[in-house]
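In what follows, chain A forms one complex with chain B and a second complex with chain C.
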Partner chain A sequence: MSRVSLRHRLAERGIDRNLLLLLPAAVFVLTLFIYPFFYGVGLSFQPKRGGPLGAYREFFTDAYLRDTVWTTLRLSLPAALLNVLASVPIALRMRGRFRGRRLVTTILVVPITLGTVLTAQGLLNFLGPTGWFNRILMSVRIVDTPVSLTHNYWGVFLSLVITGFPFAFLLVLSYLSGIDPTLERAAATLGAGRWQRFRRITLPLLAPGLATTFCLTFVLAFSVFPSAVLVGDPSGTTRVISIAAYDAAYVKYDYALASAVAVVMGVVELVVIATVLGGRSLLYTGSTSGGKG
Partner chain B sequence: MTASFEELRLEGVSRSFSGNAALADLDLTIRRGEFIALLGPSGCGKSTALNCLAGLLPLTGGRIWCDDTRLDTLPPEKRGFGMVFQNYALFPHLSVWRNIAFGLQMRRLPRAEIRKRVDDAVHLVRLKEHVAKLPGQLSGGQQQRVAIARAVVLEPSLVLMDEPLSNLDAKLRLEMRTEIRRLHQTLGLTTVYVTHDQEEALSLADRLVVLRDGKVQQIGPPEEVHTRPVNKYVADFMGYRNLVLMQASTVEGGRVTVTGHGLTLVGTPVGDIEPGDAVVVGVRPEDLRIGDVVEDGPAAVVEVVEYQGREVAVEARTASGIELHLRTDRRPAPGDRIGIAVDPRRLLVFPAGPDS
Partner chain C sequence: MSGRRIVASPGAWLVWGAVVFFFVNLAGVIGSVVVSSFGTRWFDTWLPEGGWTTKWYSQAWDEFTLLPVLTVTLEVSLLVVGVSVLIGVPAAYVLARRSFPGRRLLYLLFLLPILMPPITYGIPLATVLYKYGFAGNLSGVVLANLVPSVPFVILTMTPFIEQIDPAIERAARMCGAGTTQVFLRILAPLLVPGILAASILVLVRTVGMFELTFLTAGPDSQTLVVALYYSMSAAGIRAQQSVDAMAVMYTSMMLVLLVVALRFVNPTQLVARVKEDVSE
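And then the complex of A and B:
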C-alpha cells in the first residue's frame, strides 16, 4: 500500500522510469563539460609559484593581461548593443508577409554560415587600404588617404557585427512574431500613433527578449578570437582576453595562468549577464497575447 | 477626430485580397445611436467590413463619409472609433486600469479627468475589485468587460465589435449579451456588431445586415429579416432548416401551390415565381405542425427525437426520402407515422435560381 502510493507520488512529480532516458545526455554533459570545467578551475589554483591565488595575482598585477578584460568589453559590449538595436527596426519591417521576404532573410542570415575566417578575409579585401571601399571613397574624392578600417579596433568591431547580427536578428524576429499583432491594432484604434504603439505596446513586450538576445550576442562577441587576430591588432588595441588565454597556454605553457584567464573570462561574462537579467526581471515577462484566442 | 455624427455613410465599400473580392459594394447608412449587426457565415466579409470601418484595412473601392467628412483616407488612430476585438486584444503588460486609461492617455487628457472617466467605466462594467490585476489574471468574461470598457471610455462616435462573445461559454454569452444591450441603452453609443450567431444579432440589433460571399443579401430590422427573408440564403441562415427543392404548379392571389417529392403544399411566394418554375420551399422547424394522417396529405415517419426542455426536436422522413425538421410539444416515438401541417403564410417559396 505505502510502496504503491510512494511510486504514485513520485510519478506525480515527474519522477519515474522515463527519467532514465536522461542518463546518456547527463553522462555526456558531465564528462565533456562539467568535469573539464572543474578541472580547469582546480588547475587555476595550482600555479607553479605564488600559492593558490598566484595565477590570479599575476593576471591582475600584469597590466598587459589585466587590460585584456577592458579591451574585450570595449569591443563586445558596443557590438552586442549595436546588433540588438539594429535588429529591432529591421525585424519590425520584416514581420509581415511580403514578396521576397525569404530572399532578404537568407541574405541577412548568410554570414552565420560563412564562419569568422571567411568574413575576416572578406573584410580585409573589402575594407583594406586598397580594397573597394577605400578605392571608391578616394575616386569620388571623399578622402585623400585610405581610411584605416582593418588591423585595428574597427576591423574587429565590424567583424563582430557581421557575424553577430544574424543571430540577434533571428532571435529578435522570433520574439517579435510571438507578439499578438492585434495588440498594435487595438492601440491604433485607441488613438496611438506609430511611435506610441511601438513605445507603449511593442517595446515593453519585446524588452525581455531583447535582454536575452543581448546576453547571447554578448557572450559570442566576448569570446572573439579569430577575427581579433585576423582583422585586428592582436598585440595592441584588440588584444582580447581569449588571446591572453591562448598565449598563456600555448606560448608560455603556463596552464594555471591560462585556466585563471578562462575563469576570469567566465566571471566577467556572468557579471554582465547577471546585470542584464537582473534588469530584465524588473520588466513584464508574461504572455504576449491579448487574451483568449 | 470625429466628435459625433448624424450619419455615417458607406458608399460602395469594397475590399479584395489579391483579386478575390472579400467585400463588394457595401452601401449602408448608419444613423446616430443605431445598433447594427453584420451577420453572415464565416468568410462572408463581415469582419472585413468592420476592419475597413476601423481603418485597419485600406479599401480597394468606395468611400466612407462621416456626415460631410471623408473618413476612409484617415488612419485608425485618427478616426476616433472604439473597437472590441474577438480575442479582446488587452495589453498583457498593463493593469486593467491602465488598459482602460490607455486611450485617454493617448489623447493627453488631464490626469484628474482620466482618473474620473476610468473609474466610471470600471464601475459601469463592474470590475472595481480587479483594477490592479493584469489581464492574464482575469476570467474570459472579465477580460471581455475590460475590452468593452476600454472601447467605450473614450465615448467614441462609433463602437465596433468583432464577434466579442464567440470565445465565451453559453451561459456567460447570454449574460454578456444582456450587458452589451444594457450598455447600449445607457450610453446610446452607435454600434456596429459583427456576428455569425443569428440569435445574437436578432436580440441586440436595431437593424441587421446579412452578408454572403461579400455581398449584402438583406438589410432590415430583426423582425423583417426573421419573418421575411428575401432569398433562400438568408432563409437558410435565419433558421429555415427545411429547405426543399420543388416545383411551382399554380400561382394566384399571393399564394403558390408547389409540388414535388409526392407532396403538394401551399405557400407564400417571395420574388417572381411563374407556374412551372423550380422553387425552394423554406419553413422553420417550429412552423411545421404534427397533424393527423390524412389520405393523400403530407406524411412522414419519425426517425430521431431529441428532448430539448420545453419542446422536442423531431427528425422525420417522408415516403419520398426528404428529411424534415420540426419542433413540437408532443412526444412522438421513432417509427411513428405522422401527418404534417403548415400555415401557408409560414411556408416561403423562393426562386431556385443560383442567385437572387
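And then the complex of A and C:
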C-alpha cells in the first residue's frame, strides 16, 4: 500500500513513468555536451607546464593569442549590430501582406543555406580585383584601381553580413508581425505621426525581440571560422579566436591550450550575451497584442 | 486596393534600394561562382573566354572523389535526422505536456547546445571522441552532429505538440489506450507534419554544418562542405573552376533541400508564431 501511495504522491507533483521518455535526451545531452564541456574545462587546467593556470597565462601573455579576442569582437559586434539595425526599417516595410512577400522571404533564406564556405568562394570571385564588383566600379569611374575587399577585414565582414542579415531579418520580421497593428492604429487616431508611432509604440514592444535577435546573430558572427580563413587574412587582421583554438588543437596538439581558448571564447560570448539580455530585462516584457475592447 | 500609392516616400525608396542592392550583390556572389564553373578560361574579362564547358564538373567529380563524399554526406544526414527525431520527439512531448520539478532547468540544458558556437564545444567534444576512438570515422561525425540536432528537434517540436488538443489523448486513454498506443495511433499521425518539418530543417543544418564535421571527420568521413573547404584552402594545386563546380553542386543540393523544406515550413514561423494581419 505504501508503494502505491508514494507513487500517488509523486504523480501529484508531476513525476510518473512518462518522464522516462525524457531519459534518452537527457542522457544524450549529459554525455555529449555537459561531460565534454567539463572534461575540456578540466583539461584547460592541466597544461604540460606552468601549473594549473599555465594555459590561461600563456593565452593572456602571448599577444598573438590575446589579441584574437579583440579581433573577433571587432568583427562580430559591428556585423551583428549592422544586421539587426538594417533589418528594422526593411521589416517595417515588409510586414503585412503584399504581392511577392513569400518570394522575398524565400530569396532571403537562400544565403542562410549557402553556408560560409560557398559565400567565401563567391565573395572571392565577385569582389576580387578582377571580379564584377570592381569592374563595375572601374567602368563607371568611381575608382581607378581595384578596391581591395578580399583577404582582409572587409571580406570577412561582408561574408558575415551576407549570412547574418537574412537570419536577423527573418527574426525581426516575425517579432514585428507578432505586434498587434491595431495598437499603432489607435495611436494614429490619437494624432501620433509616423515617427512618434514608431518611437513610442513599436520600438518599445520590439526592443526585447531586437535584443534576442542581436544575441543570436552575434553568436553566429562570433564563431566565424571558415570565412575568416578563406576570405580573410588568417594570420593577421582576421585571426579570430576560433582560428587560435583550432591552431592550438590541430596544429600544435596542445589540447590544454585549445581547451583554455575555447573556455575564454565561451566566457567572452556569455559576457556579451548577459550584458545585452541584462539590458533587455530593463525593457518592457509581456504581451504584444492589444486587449479587447 | 484603390488606395495604393505609386509614388513612394523617400524613406521607402531608400529601404527598397537597400534591399535591391543586397539582392544584386547576392546574385553577383552566386552568379560569379556559377558562371566561372561553366567557363573555359576566365581571367581579366567580364565573362569567360573560349566558350562554355561542363568539363570542370566531371573533373571535380573525379578529382575530389565526390561519389564517396556524397554517400557519406547522405549517410551522416539521414542517421542524424533519424536518431535526433527518435530521441527528441518523446522528450518534446513530455516538455510540452507535463510540468514537473526541474522542467525549466532541463529546458535550459537543451537550449545551451544551440546557443553556444559549435567551435567552443566542438573542440572538447572532439577530444573526448578521439579519446574513446569515435572520432575520425562516421560514428564520430554522426555523434558530433547530433549535439545541436537533438535540442533543435526538441525546441521545434515542443510548440508544435503544445498546439495539439490534449482532450484527444484523454479521450483515447478513457477508451483504454496505453501510452504506447496513444503514441503510435493518436499522436504519431498528428505529429507527422511537425516531424517532417523538423527533419528537413535538421537535414539542411547537418548538410551545411561545417565546424563539427570538420573537427571530427577523418579522411573517409568528410561531408561535402568539409571537402569543399579543403579543396578551397588547398587552392592553387587544382583549377579554380573545378572548386567552383563543386561549390555549385553543393549549392544546388542545398537549394533542392531548401525548396522542399519551404513547402512544409514558413520561414517566419520558425521563430515565433506569426499573426497575419487579418484586418487588411
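Convention: the second predicted complex is superposed on the first by the 278 of 293 C-alpha atoms of A that agree within 3 Å, B and C clash if a C-alpha of one lies under 4 Å from a C-alpha of the other, contacts with A are read in each partner's own complex, and residues count from 1 in each chain.
Rule of thumb we're sticking to: a residue touches a chain if its C-beta (ideal position, glycine included) is under 8 Å from a C-beta of that chain, and two chains touch if they have at least 3 such contacts.
Predicted, not measured: the structure shown is a model, and the values here were computed from it.
Q: Taking chain A as the common reference, can chain B and chain C both be placed on it without clashing, or not? Answer clash or fit.
A: In the arrangement built by aligning on chain A, the partners chain C and chain B fit side by side.
Q: Could you say whether A:L205 touches chain B, chain C, both of them, or neither, answering first, second, both or neither?
A: Touch status of A:L205: first partner only.
Q: Based on the superposed arrangement, let me know which partner A:L43 touches: chain B (first), chain C (second), both, or neither?
A: Touch partner of A:L43: chain C, not chain B.
Q: Output check: A:S148 vs chain B and chain C. Expected answer is one of first, second, both, neither. What do you get?
A: So A:S148 meets neither chain B nor chain C here.
Q: Touch check for A:Q196: first (chain B), second (chain C), both, or neither?
A: Touch partner of A:Q196: chain B, not chain C.
Q: Give one of first, second, both or neither to describe whether A:S235 is in contact with chain B, with chain C, with both, or with none.
A: So A:S235 meets neither chain B nor chain C here.
Q: So, does A:T182 touch the first partner chain B, the second partner chain C, both, or neither?
A: both
Q: If you tally the residues of chain A touched by each partner, is the higher count for chain B or for chain C?
A: In the superposed model, C touches more residues of chain A.
Q: Closest Cα approach between chain B and chain C after superposing, in Å?
A: Between chain B and chain C, the shortest C-alpha distance works out to 5 Å.
Q: Do any residues of chain A touch both chain B and chain C, and if so, which are they?
A: Shared contact residues on chain A (touching chain B in one complex, chain C in the other): 180, 182, 289.
Q: In their complex, what parts of chain C are in touch with chain A?
A: 11-12, 14-16, 18-19, 22-23, 25-26, 28-33, 36, 43-44, 46, 86-88, 90-91, 93-95, 98-101, 106, 109-110, 112-113, 115-121, 123-128, 143-144, 146-147, 150-151, 154, 179, 204, 208, 210-211, 225, 228-229, 232-233, 243-244, 247, 250-251, 254-255, 257-258, 262, 267-277, 279-280
Q: For chain B, which residues are in contact with chain A within the complex?
A: Those residues of chain B that touch chain A are 54-56, 75-77, 79-83, 85, 87-93, 102-103, 106-107, 134-136, 140, 143, 147, 150-151, 154, 160, 167.
Q: What residues on chain A touch chain B, complex-wise?
A: That would be residues 180, 182-183, 185-193, 196, 200-201, 204-205, 284, 286-293 of chain A.
Q: Please output the residues of chain A touching chain C within their complex, sorted ascending.
A: The contact residues of chain A facing chain C are 13-15, 17-19, 21-22, 24-26, 28-29, 32-37, 39-41, 43, 86, 89-90, 92-93, 95-97, 104-111, 113-123, 125-126, 130-133, 135, 162, 165, 170-171, 173-175, 177-178, 180-182, 219-220, 222-223, 225-226, 229-230, 242, 245-246, 249, 255, 258-259, 262-263, 265-266, 269, 273, 289.
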